[in-house]
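Listed next: structures, encoded as structure tokens.
In the two complexes that follow, subunit A is the common piece, with subunit B as its partner first and subunit C second.
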Partner chain A sequence: MTKGNVGIVIVSHSADVARGTADMVRQMVGDEVPLAWCGGDPDGGLGTSVESILGAIDQAWSEAGVAILVDLGGAETNSEMAIEMQPEERQSLIAICNAPIVEGAVIAATEASGGAPLAVVCGTAEELSPA
Partner chain B sequence: MLDDAASRRDLIKAVAQEVIDHAEELTALDQAIGDGDHGVNMKRGAEAVLADIDNLAEKTLPEGLKAIGMALVMKVGGASGPLYGTFFMTLGKSLPEEPAPADTVAAFEAAFQAVMARGKSHPGQKTMLDVLAPALECLQADPSASAALCTKVAEAAEATIPMLAEKGRASFLGERSIGHMDPGARSSALIITTVCKTLGAAGK
Partner chain C sequence: MMEEASVFMTHAIGLHARPSVKLTKLAKTFTAKIELSVSGEGPWIDAKSIVKVMAAKAPQDTTLFFRAEGEDAGAALEALKALVERDFDEGAADAANA
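Coming up: the complex of A and B.
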């Protein structure tokens, strides 16, 4: 019984950055990976919104888990908040990757498309981060 | 204290209005060392709270605080949404319906710890914690010393001016963050001061 591929969520302060990053991921891996993005604050300005992140997690949900790529501080804090608001059985299946958002999303999705588990998906993306 | 809907409504309204009235100042502080959205974000949260004020005031004190925290999480955006949201939600979770002074101090400490965990930060990094920490010390020394608390938090916000930012967007500036008051410290001081003044004026 396969759980499917790990899903990827892209959370940027800018909807344009998030959408553009998702476009790059789609071009690299096609439709083999559940993918969702969100960007912008609750009024549509630059920023992040817990509500949008919750929606993106639902959209990209996979039994194999979801890897979240974030840009700046608030995106990470809001993503952590969104994870804690998930049902308990989901929480351990969601991870925030400490990686550059564009390169990290592409690498993570490439790993995910090959069926790698969540820890490998995140681990490979995180190799891009400066030590 | 705050055992009827009218007094809870007065307090919610005073705090939200104070945040809204200072939105431009908070934004100006954040433009100096952050991304310039703190005032706008906090104002959006305060307006969301005001829009639901009748419902919030009708709830018990703990339930009302939890609901305010959740509104801030969903509406503020930025890092201050989850940080202030966590603060108010933890206060709500920790307070009994009719808190004694010692309960208030314990709840404030729990909320302070929760904000530290949420922000992965500690006092001394030029953040809201640099106001919350001395406020907690002041409450622990004397939970009823409202005037002393107001003075303390104002001084604590001022004391963030010479600090070097080690958290958030301001940390990208390194030494250039020195010489500006931290916007989160200022908003925390505003909120605490308004709570003290409103409760003080009500003779509570």
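Coming up: the complex of A and C.
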């Protein structure tokens, strides 16, 4: 556990959804997982921004890596863009989980809290998705 | 050697999201292989798998059966049983909101 636990980043089009999802993770799983969220465009409307995703990744950064949970379309493409803008040594330590944002975040954080590696954290969240 | 334990669960909403997270997190702190069943006969599910534990959807007034194998199996069963007996450390108010 020298690397610490995998961090969780929540990216939604809505700040309320992202904040609420983060609240659920904190209440249900606890504080032992680095956690950050972002949502909404800079003008307060719905949307996602690469800049805030970059900030959230920094905030939740862990040597063990970061798992990103997204909602729809732009949240995913902007997250991919944010990953590409990271230093090369970080890129392989960031993964977007193909899982529903709320349930996936809780499940991923539960796995992360037990010290699971990034691949297991994402894999477990993805078990939730319809086959 | 396989050790076994069972405990009657009175939690108002049963083994739903929050209790499942607590149970799984606790199970993960032990090295023993730990399994859970809602009947003494199985099917047995991995108590460290949050997805499987949630999917079991054990309702209130279910007896949970645990079995564990490994060095700290005894301590693991004691701790899990205690967690269920403590009603997952949740008061009635929490349960209503869960």
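As a working rule, the second predicted complex is superposed on the first by the 130 of 131 C-alpha atoms of A that agree within 3 Å, B and C clash if a C-alpha of one lies under 4 Å from a C-alpha of the other, contacts with A are read in each partner's own complex, and residues count from 1 in each chain.
Note that a residue touches a chain if its C-beta (ideal position, glycine included) is under 8 Å from a C-beta of that chain, and two chains touch if they have at least 3 such contacts.
Worth saying up front: this structure is predicted, and the values here are computed from it rather than measured.
Taken together in the superposed arrangement on subunit A, subunit B and subunit C fit without clashing. In the superposition on chain A, contact is made by A:L128 with subunit C only, not with subunit B.
In the superposition on chain A, A:E51 contacts subunit B only, with no contact to subunit C.
In the superposition on chain A, A:D41 makes contact with subunit B only, while subunit C stays out of contact range. In the superposed pair of complexes, A:A119 makes contact with neither subunit B nor subunit C.
Of the two partner chains placed by the overlay, only subunit B lies in contact with A:G74; subunit C stays clear of it.
Between subunit B and subunit C, an angle of 150 degrees opens at the CA centre of subunit A in the superposed model, to the nearest 10.
The least CA distance from subunit B to subunit C in the superposed model is 27 Å. On subunit A, the surface touched by subunit B in one complex and the surface touched by subunit C in the other have no residue in common. Against subunit A, the residues of subunit C that register as touching in their complex are 17-18, 21, 24-25, 28-29, 48-51. Across the complex, subunit A is touched by residues 35, 37, 40-41, 44, 73-83, 85-86, 118-119, 167-169 of subunit B. Residue ranges of subunit A in contact with subunit B, taken from their complex: 41-43, 45-51, 72-74, 77-78, 80-81.
For subunit A in complex with subunit C, the residues that touch the partner chain are 27-30, 106-107, 110-111, 113-115, 124, 127-128.
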